[in-house]
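Read through the structure below, which is laid out as structure tokens, and then see the notes.
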Amino acid sequence: MIDKIVTDPVLAVADIADGATVLVGGFAWAGVPSALLEALAERQPRNLTIATNANIGAPGLMRLFETGCVRKLMSSFPRMFNTTLMEDLCKAGKLVLELIPQGTLAERIRAAGAGIPAFYTPAAVGTPLAADKEHRDFAGVTYIMETALAGDVALIMAAKGDRWGNLVYNKTARNFNPIMAMAGKLCLAQVAEVAELGTLNPEQIITPGIFVDQVIPVTRST
Amino acid sequence: MSKPLSRMQIAWRVAQDIDNGCVVNLGAGMPTMVSDFLPAGREVMFHAENGILGIGPRAAKGKEDPDVINAGGQAVTLLPGGSYFHHADSFAMIRGGHIDIAVLGAYEVSAQGDLANWHLPDSNVTPAVGGAMDLAACAHRLFVMMDYCSRDGTPKILKQCTLPLTARRCVNSIYTDLAVVDVIADGLVVREIIEGLDLKTLQDKTGAPIRLADNWRILSAPDIS
Amino acid sequence: MIDKIVTDPVLAVADIADGATVLVGGFAWAGVPSALLEALAERQPRNLTIATNANIGAPGLMRLFETGCVRKLMSSFPRMFNTTLMEDLCKAGKLVLELIPQGTLAERIRAAGAGIPAFYTPAAVGTPLAADKEHRDFAGVTYIMETALAGDVALIMAAKGDRWGNLVYNKTARNFNPIMAMAGKLCLAQVAEVAELGTLNPEQIITPGIFVDQVIPVTRST
Amino acid sequence: MSKPLSRMQIAWRVAQDIDNGCVVNLGAGMPTMVSDFLPAGREVMFHAENGILGIGPRAAKGKEDPDVINAGGQAVTLLPGGSYFHHADSFAMIRGGHIDIAVLGAYEVSAQGDLANWHLPDSNVTPAVGGAMDLAACAHRLFVMMDYCSRDGTPKILKQCTLPLTARRCVNSIYTDLAVVDVIADGLVVREIIEGLDLKTLQDKTGAPIRLADNWRILSAPDIS
């Protein structure tokens, strides 16, 4: 029998090593794997690389930054409101920031999950973010090459999951979660509810279980 | 001279230029107001980067769903016919040329339509780009919404942008409190200007040559509180 | 009001020009836009390029080949059973065949829809199908570059569609249809049923209307 | 000597080597039989290129759904937990390394694990590759199912393939009517051989050097009608 249900977030994150690249799902507060982030912050790993769009206000993620667990942040919107933590860490040389256009971030992650090592995109051409990139013309238009962005682990959040790892999301809480599920060598999915196998509509399963390693039910505390 | 347009009035003016059936992405901040002023009878599909198409009005107070938000994090609603999708699909729509119009704010626009709207190197704030580069590079038409000059009166429409670019040659039209300016192959053309403001005075507020369109009109908007 | 419903397949295909590249959805007999193909065969355009996986036994498609409408076929499985038509056309120099691994065909189509002009893939490396391709190593592994495959028109088949062009599919009849919808400059979707706007589950819409130009209701004649 | 294994018996033998929880893609033809012989208690996710995961048994006569098919076009069923997806997602699974085991047929396999299974240049038939190149290049483990020799007795396991390749160095194990052969770094190792067949006789049917594994066993399968 296949059973990917793991009931304890602490157990789920136990194998995330120092130096790991961690993909963190969510957009603003929607679809953020908060319980997994808090369990990870509790473990205090070192030298993490975090790739996430803009969720650095999430408490667990904040704590990872505050306590010096993160060496590098890859993000399209690495800005926190009501705090200059990000600026302070960068100035102190304690955090490296890689700013990535949001669509490029999404496509690099999807590429990693889809076995595409590199692709070309028009986004950022002619801007400082393309400065060190390889440029190439196709049909008279200039593009830059971008490479796949894989994670040692993906921490994601879904509405429901079953023991095969199938996931469905709630509305815009879908965002980066399905593509990060594809791109993590290990994919840990926090879910609000466990579904009996066969009760999720096969036409509506957004993340087939093939991409998911552990399903961790967490009752939302809000 | 008429009063300069308020931000809501600029949003109203942009909304008049959005045709029935268009797919439109509204940037965070000022542009999100545009959807409130669509003329009756026009049906438009509003898209946001975070995986939503068919955005309806802002959510009513007390009816907010934290999982139904736009790219600026505001609680919105979904129209009948709307749909949700993941980020790679959302940017496939943008990069693939499926967005008819994007409306973005700007720090600077050049006479060639270059856009700068993401980074103020002299400020203390961490730069953040979001989806602006993808949108600017790939939307069929790009509308900029901004004040004609910055608060201290410095021109924001320039021969060349001084700030880091978002994309080159991407802006089609600039909607401001004083004028609507189109960026065409041979330069900047003032399509509309507020009553009583003459071209020379507007030119003095502009860092690049502008000229009046043959069929220029008065820029005006209804009183919106 | 947005209304993409077009009731006559003949009208729908009326603007497909000679020399057009036509993406044709379906896998085996599942999800094949048969009514659109028959309407197109009726029009007898010339010099078409057809990109499709393996549906060349569909009557309308067969007729396009038999009546000399097709100059080039791009396919992973260009084989017809019970006939040597394909072999005969190739031998007579009347048809050019581009054989493409199925995953590469799918990704080239998806790339066109997603604004990616080119990407790298490991499939076909070391085989005759990679002979003329640009090779490149990433992290010690060899890949070939493949370019986007766009269609002037995509002919697809869905289970239900609404007036915005939103589509849902039936089971494995989904196959190439959603990615072809993304990649066609014009996308014509044959549907078995028209759905009232708002009745399709927004979490289950597979092809958002943004990709679709016309929705053509066709009652299946099986 | 024991009777060579039937095709169903080869399928049975492959099925014994598929662990619980594996994601497995079965090629069209002979490999699709493998799913019928999984040992009780093992749960496996069967994937097919045309966008289906969690394939169950063949559809019963009269219960076929023309929209539920595998990559060979056969009417199948979907298990509870199964799902549907489009072709780009299906091959993202394959190319992205999410398939644990692919089982394919073969014309030839080389001592380095090169596979040829898509094109017979001397035949009259249009070549067709389907998803074989993606699967061969990207599945974690590749099992080949075939007769040990072709019908006229010509070896199919060779030093070098003579036919156009599907992928290089991709085959892990070869399941045949006479033996199970593993392709490892330094060559071909016979893991199982049918009763009464000696290595020398098998070597004569092989176009490359083979050796017996230290822990080799008798290849046998239950009587399957």
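Going by the order they are written in, the chains are A, B, C and D; count residues from 1 in each one.
Here is the rule we go by: a residue touches a chain if its C-beta (ideal position, glycine included) is under 8 Å from a C-beta of that chain, and two chains touch if they have at least 3 such contacts.
In this text the structure is predicted, and so the values were computed from the model without any measurement.
Ranking A-B and B-C by contacting C-beta pairs places A-B first. Per-chain CA centroids place subunit C at a distance of 30 Å from subunit D. With centres defined as mean CA coordinates, subunit D is found 36 Å away from subunit A. Shared interface positions of subunit A, defined as residues touching 2 or more other chains, are 107, 110, 114-116, 121-122, 169, 171, 202-203, 206.
Contact with two or more other chains is made by residues 78, 84-85, 88, 91, 94-95, 138 of subunit D. Chain pairs that touch one another, listed by label: A-B, A-C, A-D, B-C, C-D. Subunit A meets subunit D in the complex at residues 1-2, 110, 112-116, 162-164, 166, 182, 197-198, 200, 202-203, 205, 208-211.
On the subunit D side of its complex with subunit C, the touching residues are 48-52, 65-69, 73, 78, 84-88, 90-91, 94-95, 114, 119, 124-134, 137-138, 164-168. Every residue of subunit B that touches subunit C in the complex is listed here, in rising order: 20-21, 23, 41, 43, 45, 47, 53-54, 78-85, 88, 91-98, 138. The touching residues of subunit A, when paired with subunit C in their complex, are 107, 111, 114-122, 136, 138-139, 141, 143, 147, 168-169, 171, 201-204, 206.
Only residues 27-31, 53-54, 76-79, 84, 86-87, 90, 97, 99-104, 106-107, 109-110, 121-129, 169-179, 206, 222 of subunit C touch subunit D when the two sit together in their complex.
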